[in-house]
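In the two complexes that follow, chain A is the common piece, with chain B as its partner first and chain C second.
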Partner chain A sequence: MKRWLLLTNEELKRSTKLLVLLISGLIVAEIASLLYQIYDYQHSVEATMRIEQISELDAIEQGGGALTFAQATNFYDSIIVLAMGMIVLFAFWIWYRDWMGETKYIYRLLLLPGSRRAIFASKMATLLLVVASLIGIQWVFLLLSRTLYLWLLPDAQQVTASINEYSFYMKLFYTMYPSDILFILLMTFIVISFVFMTVLLERSFRKSKAFLLVGLTGIALIAGWIVIGVTLSAISNDLSQLHMQFYLGYVVLLTLYVSYKNLRLVQTRLSV
Partner chain B sequence: MLEVKGLQKRYGRKKHVLRDVTFSVGLNEVTCLIGLNGEGKSTILKAILGLIPVDAGTVTVDGKTSRDQIAFVPDLQTMPSYMTIGQALAYMADHYPDWNPETAERLLQTFQLFTTDKMANLSKGNKAKFNLVLGFALDRPYILLDEPLAGIDLFMKEQIAWIFSSEFMEGRSILMTTHEIAEVEQVIDRVLFLRDGQIVEVKETDELRGRHHQSVQDRMREVYQG
Partner chain C sequence: MKRYRQLMIYGLIILVTIGSYIGYTLSIQGADLSLETVSGKPSQIENFNLRLQTKGMRSTIYDVNAEGDIEKQSNSYVGQLFREDKITDLPDRYYKFTTQMETNVSGDEQSEYAIQIKHNKLQFKMFTFKTEETFEKTFQYDTKLETGRGLQASVVDKQAMKVYIQLDRVDRPMETKLLVLDLTGDRVEEIVLQKPVAPKNARQFLAIHQNEIVYTEQPSDSDEENTKHSYFLDDGKSVRSIKELDQQQIGYTPYANGRYLIGLRLPEGETKRIEWSTFDLETRRLSEHSVSSPLVLKKIDWLDSTDEMQLYLSSETNAGFQVSVIDLKNEQLIYQGEIKDANRKKGTNIYDFSVQ
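And now, the complex of A and B:
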């Protein structure tokens, strides 16, 4: 446990610069997109008023109504998806930097006394902590964005609707329920487990065998979806509505196998 | 005793890197693994340490398969660049129960390294010295060194080679790979000549010098140049 905590601390320290850059980038992009949407909306209202020689309220009416918070934060979805992509890249980088960087830290890691499982666990914990902190930052930043939206737009141009009128991704992040956060972390664990498996297979075999095994796992993921769908439909139409739930269960089982495989690779096959 | 028996390593079907490598290293001796580039010297060290999986063979230390009696001094930097020497020492103390801070302190003084020095700013020679500190400050009887003298200037080499005849060698055995035979020739007890992934000859240096009136370098020329 102590080793795992020490290694996780070390991984976080080594990633600090990159994470600060990622979080700053996320915040700057979101602020910029919010300001752009507000400026663009106000500009179009003013232009309509000037050209049509009508009042502000008429111009707002003609433009399709006041700017909702969902519209103002239209780009947030794309930025969050981009951040998710960065997290996946980070999952690759957290391993490869130990081999490819100026420092060959992988020697030190693999030679540490005790089980190598702590190395795997520390990298996974780092990823989960990064995602948890991003959720927290996004949560706070959504509140700040709303304040900014209400502050910058005149009353007539804003809609003081419920804060829940967000898109799919934002609802996912702006949650009051710990179970939602656990769900995001479970999804992260699943995705990262598959990324780690890809890296560990490549670092253990470094040739066609690695790609073959990654390919087989990909096939297992796709085939599972098809087989479960066909089987449920054959049994009953009612059951086919539960396709996603059954598939999620299948993916969780597959992830457990992948995690076991990952730990075996770290313990016995991984090489410098 | 460190015993290596029947080590086999292949990369793919064609490249046979190690072929039935068998040897042992006794306590209080310095053994040097010699071979041309790409003969598998570093691969043997990595296999002993479990840093690469092998296809066959065993490595035992005093009859046990555990490697916790072996320290390793690589020829590259293994501590993150942002660390200072002091932080790296703290890292070692946190992770290794057999870390000896007094030995580390004495070695730092000997090599004139300072705890405030940053890893990223160390010269190649100082990095090599610091690697020696990290290896020798572990209370372990067997130390494996991979090219400890590679790519550094003459005076640094002399300082580093000094350690092999110093008090830090007490109760220690060394297995090292090096191309810089001249600098360490006087402290080597035994030489293992490696060719095409096989140990082709084992020579005691006393025997070489006494009976054959040869230096290790002379013998090396004969083995590799025919």
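And now, the complex of A and C:
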């Protein structure tokens, strides 16, 4: 436990610069996008007023109504998708960086006394902590964005009621059910487990064998969906919900197996 | 402690930010729904299910029935995964039949019908939602045509053991036929009408009452919604135009084995009156009817009806939602109940409404 905590702390320390850069980048991009949307909207209203010689209210109506919060934060979706991509890349990076440099860090890690499982667990915990903190920071920033939206836009140009309506990806993350955070973290764990497996197989076997094994796991993921679907449709026609439940159960079991294989690879096969 | 500095920083960030999120979610008030009877008694009507969904922050689904029971279903990811759908599952054998390319499916709130005409046979299958029973029978029907390939079959009405089917040739609208299946026998009969379909027109059968048939005709290439329909009554000897119905710009639905044609006049805005026109095929007279609603009804979009000519309708009101049951035959409001939200949550809307 102590070893795992120390290693997790070490992983976080080594990632700090990168993560600060990622979080700062996200915040700057979101502020910039919000300011751009607000400026662009106000500019178009003013232009309509000037050209058409009409009042502000008429110009707003002509432009399709006041700017909603979801419209103002429209670019947040793309930024969140980018952040999710960065997390996946980070899941690769957290392993590969240990093999980089003249004094390979992986030497030190693998030569540490005790079980190597702590190495794997610390990298997984690091990623989950990063994801959880990103979700939290994004939430706080969403609240700040709402304040900024209400502050920057004149009353006639804002829809106060719309501050509770987010864009598509925001709704996926902030459903207002705290239990969904755990569900999102479970999904993160599943995705990261498969990324870790890819890295560990690539580091443990010849490339051809590693790719074959990764491909087989990919096939197992897709085949599970098809086999469960075909089996259930042979039993009854309306088991789509059961299909989803069984598949989620199957993916969780497959993830547990992948995690076990990952631990075995770290313990027995991983070398410098 | 210094050795765990990074961990503590991240822990603190998560604690504060996710904690603020959880605190925020806990401060959100859900809907506090209750059903109040405004008129009549719930015991006099059939059970209904009104499904409401709250929008915005923490979307939740509420099922309200005639007894006033309110069932709340979480809309979280796990909640969605294990949510019970109150939709009647179709039996597998029947469902597989309906998914075949040659099968035409039609029906109403009470029953669903699947017809397949192929290889000189007419296969008829029927599923009744309330009893969850399936009926099926195959009839000899000599034709070279097949449903799904230029032929379209749909049930116009089912009266006791007789099923009336409209058979359309997709490329030849003038060759529309009216068939009758006797479910106790094995024959398919064609009802010969007194007047062929007018050139460039399409015919739609509306009601069959004893030997009388009501149908509409409109130009075959016209837009269904914006075209004025011409109504005709074929009594087996002659055809007469039903001018009274032509003048009304509303759609008619048959009730009571086709004896009554009822056209509801539902306003788009607010109303305290439900109005409808009834055409009685026995007296051949059009009469106007209405009932007053104690509540102001807004946006009446959800309707269902029973064989007993009872109309179930649900809509928004000034204070929430309502369910009304109207006896169309006796021109009477049997029941009205209002669903109010003590927390007055905004953005709630009707997701589904059906008579159980």
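Here is the rule we use: the second predicted complex is superposed on the first by the 258 of 272 C-alpha atoms of A that agree within 3 Å, B and C clash if a C-alpha of one lies under 4 Å from a C-alpha of the other, contacts with A are read in each partner's own complex, and residues count from 1 in each chain.
Here is the rule we use: a contact is a pair of C-beta atoms (placed from the backbone, for glycine too) under 8 Å apart; a residue touches a chain by one contact, two chains touch by 3 or more.
All figures in this text were calculated on a predicted structure; none of them were measured in a lab.
**Student:** Once chain A of both complexes is superposed, is A:Arg3 in touch with chain B (first), chain C (second), both, or neither?
**Tutor:** After superposing on A, A:Arg3 lies in contact with chain B but is clear of chain C.
**Student:** Answer with first, second, both or neither: which of chain B and chain C does A:Tyr105 touch in the superposed model?
**Tutor:** A:Tyr105 sits against chain B, while chain C stays out of touch.
**Student:** For A:Ile219 in the superposed arrangement: first (chain B), second (chain C), both or neither?
**Tutor:** After superposition on chain A, A:Ile219 lies in contact with neither partner.
**Student:** For A:Lys207, using the defined touch cut-off, is the partner it touches chain B, chain C, both, or neither? Pick first, second, both or neither.
**Tutor:** first
**Student:** Which residues form the common part of the chain A surface touched by chain B and by chain C?
**Tutor:** 6, 10, 13
**Student:** State the interface residues of chain A toward chain B in the complex, per the touch definition above.
**Tutor:** Residues 3, 6, 10, 13-14, 102-105, 107-108, 110-113, 204, 207, 268-269, 271-272.
**Student:** For chain B, which residues count as touching chain A in their complex?
**Tutor:** Counting only chain B, the residues touching chain A are 12, 46, 49-53, 68, 72, 74, 76-82, 91, 94-97, 119.
**Student:** In the complex of these two chains, what residues of chain C are touching chain A?
**Tutor:** 3-7, 9-11, 13-14, 16-18, 20-22, 24-26, 28, 56-59, 74-79, 81-83, 85, 89-90, 92, 95-96, 346
**Student:** For the complex, which residues does chain A have touching chain C?
**Tutor:** Of all residues in chain A, those touching chain C are 5-6, 8-10, 12-13, 16, 129-130, 132-133, 135-137, 139-140, 143, 161, 164-165, 174-181, 183, 235-238, 241, 244-245, 248.
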